[in-house]
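What follows is a single structure, and I will ask about it in a moment.
Chains here go by letter, A, B and C, matching the order in which they are written, and residues are numbered from 1 within each.
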């Protein structure tokens, strides 16, 4: 071949071939994945700003209350949709496509179409967000983008999903790794979810409380069948990759995957316990929510036993630190979710800030931190540069970790107090609100920490794209890695 | 290598990267040091996990059968249909008006009249020691029932102070038992003491005023002729000419005397 | 687990099971419900919304009232909603067939609104929307002053003008605050929220 091969050790060993292949895959993935990452970070900043506005409004009702487009009832869904579709989905798509390409060992072809899809995806998010602020939302939770913007997202996704599936179809023959199952499933499940709900809630809306059932089937499954599989796929890749160990048990992987597929999708009605639905639907969701202990414990054992003896990696690897934080949060948030579905406990927590704490534990402490970890790993391979500053990564991690723990703690405690007050018929409603108000202040302040973390990450990412800082031959780590029998890897 | 279609030819690599030797080393640096791709280990699943999973499945079946109301689309309360198909009915006896009344008060009245019953100076009149609440003769009692059923508007003097606000009608919201309970409650809380009001009395007043659409005013209430049945009761807010006790459609003294 | 057809089948079937139970079933069983006629009064349950109240649903949706206010009364064996007076009975599927969409809500930052039409007058609703903090002290509800117009009084005061406004945004002498069509529609919708008509599938429960 040409100079490329000759610049390396000219032996044609398996390892060298693999590395050349990875290099080619990364090169093919560079533009689309970086585009998804970059735009995702942009929406993360916008979403964080909207979150701050919404959060402070709950403590200071007069804050920015003169304009229709800034009213709480519009800013709050704008925040949710920008972080769900603009940040989390886009980051997930970028990470998912790269993981799928690497694991299938195929380079991405015709990536210009993927780039067009990325542009359309972002256009859809932009139009949708402006539509919500303009007053065109139908207040369907997790689906507030008006009907003129959702088809843009759907069509953009069509390309993205097809890419993912085609990559799988044309993968290198051989053993299929667990992350590939999760990614394939996610790429298939999302369009089925999004298509169904667009038809039944936006285009030809069904009547009555049936909407609630479809709405929360959708919202919960975006968490469980789109974000969770991508997050777990990333954890299953990054953990063994960084520490250089095999996953503990293939059988646990199988059990975890199929039990998740079977049970998670039935959970939706646990958002509506006590609601206007036939009793069996609620009971089915309560049962499915408890059954979730099986996949969650399975995955936790698998990850933990893989990491066992290698927790020292958390000291030096940014990727591992964010990923393990995310994986542990996944276990915690899922246990919490299962317990929240028990009707006796749900009586207290339903309709309170506790639910918001839970959702942020899931979408941020689990998924967002997981994505940060993956992006810290993937970006150097796409840009051909190392992260300029370990300190910026350090600040990012601690601000984010402390911020989210404080936020979840405040909302959990505040929610319980609010819920107990709401439960007691002798307590006036206004008191339930007042008891919770100090916790809402703490939440707003923790939001400032998170926003600072995001600004740091955004700045650092731009520095990467511009290849600022000095050239390095080593990965950017927190500390000197303690070498075990393997060579270091980031 | 070059026969493999998945690996692009080297010309597809960016020129600027290949042109710089330093950059070539770095493009491959991160890839050169990577570990091998993740692979699977084959540890068996622990017996504990398998046992736990089966136990959970067993519980799930039991819960579903017991809480699904027969899997019907018309059964919304799972507790109404037991697993063997029988319904559940529990008789708890007659509710205590002070308990029920306090609940109703907390939900509807407390917003204005406050949890202390003292109201808000200049805005909402107090209920504590109020002549309107404590009045016992026929018209006094049914004044307070009328006000709750139809509302009150315009100026009203309570304990020598003037208030001018609007009280919403609650007749369409509260049932007779609830009106009776909350009135019994305010007449016996905060140091007040007066006989309870019964649901039957409330029903009577409601029936007599079925055509009434607007809220009452103090003037109108005081203009209604009244009959004194208990001379020891505190005086009503404004003395109105005593009129024919036969004016109300029912005999005032015995059967219409509320409570006791 | 190495073959695409097998994986696809499993991914599809697991998804389809929940789709059947949580999407297709409600669509068929709950999505086709019709109002029933009350035998005693001859009225439809739930009653139809007037044109302006129906338009109010769009205002409710556009301004995100649902993010703080729920609209569901839970049963007595699962909650204290009925004991708190949120409604005489729990709500069921048929209660929402006129809602576009069903504003069930998942937060009670503000009170539940299932039967708010039974509790407050139109005048109260307008004053509360204009300046919640004046009507309900300590409330964190945002003000919806943008649904109202502050205008100079031309000749006679407008019949719709809000009365007895207090607080920092009360109109100066010579000015009045008049609701826009959106405000009137929203209030008409809120007044229509009365789910106290009887339904056979939701018997009234004892007060205790």
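Rule of thumb we're sticking to: a residue touches a chain if its C-beta (ideal position, glycine included) is under 8 Å from a C-beta of that chain, and two chains touch if they have at least 3 such contacts.
Every value quoted in this text rests on a predicted model; they were computed, and no experiment measured them.
Undergrad: If every chain is reduced to the average of its C-alpha atoms, which one ends up farthest from chain A?
TA: It is B.
Undergrad: Is the C-beta contact count larger for B-C or for A-C?
TA: Answer by contact count: A-C.
Undergrad: Taking the mean of the CA coordinates per chain, how far is chain A from chain B in Å?
TA: 37
Undergrad: Please report how many Å separate the Cα centroid of chain B from that of chain C, as a whole number.
TA: Centre-to-centre distance between chain B and chain C: 15 Å.
Undergrad: Rounded to the nearest whole Å, what is the centre-to-centre distance of chain A and chain C, using the mean of the C-alpha atoms as each centre?
TA: Once rounded, the distance between the two centres reads 32 Å.
Undergrad: Got the chain A residues that touch at least 2 other chains?
TA: 175, 276-278, 284, 425
Undergrad: Mind pulling the chain C residues that touch 2 or more other chains?
TA: As it turns out, chain C has residues touching two or more other chains at 25, 29-30, 75, 83-85, 90, 92-93, 136.
Undergrad: Please list all residues of chain B that touch 2 or more other chains.
TA: Those would be 73-77, 103, 107, 111.
Undergrad: What part of chain B is in contact with chain A in the complex they form?
TA: So the residues of chain B in touch with chain A come to 1-2, 6-14, 17-18, 22-46, 49, 52-53, 56-57, 59-60, 63-64, 67-78, 81, 102-103, 106-107, 110-111, 115.
Undergrad: Please name which positions on chain A make contact with chain B in the complex.
TA: On the chain A side, the touching residues are 1-5, 7-8, 12, 15, 17-24, 26-28, 102-103, 105-107, 172, 175, 177-179, 236-237, 239-244, 246-253, 255, 259, 276-280, 282-284, 286-287, 290-291, 293-294, 297-298, 301, 305-306, 380-381, 384-386, 425-428, 471-473, 475, 486-490.
Undergrad: Which chain C residues qualify as touching chain A in the complex?
TA: 1-2, 4, 7-8, 10-12, 14-15, 17-19, 21-23, 25-27, 29-33, 60-68, 70, 72, 74-75, 78-81, 83-85, 90-97, 99-109, 111, 132-133, 136, 138-146
Undergrad: Where on chain C is chain B touching in the complex?
TA: Per the touch definition, chain C meets chain B at residues 25, 29-30, 75, 77, 83-85, 88, 90, 92-93, 115, 118-121, 123-124, 136, 201-202, 206-208.
Undergrad: So in the complex, which bits of chain A are touching chain C?
TA: 57-59, 61-62, 65-68, 71-74, 76-77, 135-141, 168-169, 174-176, 181, 184-185, 188-189, 192, 196, 200-201, 205-215, 217, 221, 225, 254, 258, 261-262, 265-266, 268-269, 271-278, 281, 284-285, 343, 346-347, 350-352, 355-356, 422-425, 429-430, 432-434, 437
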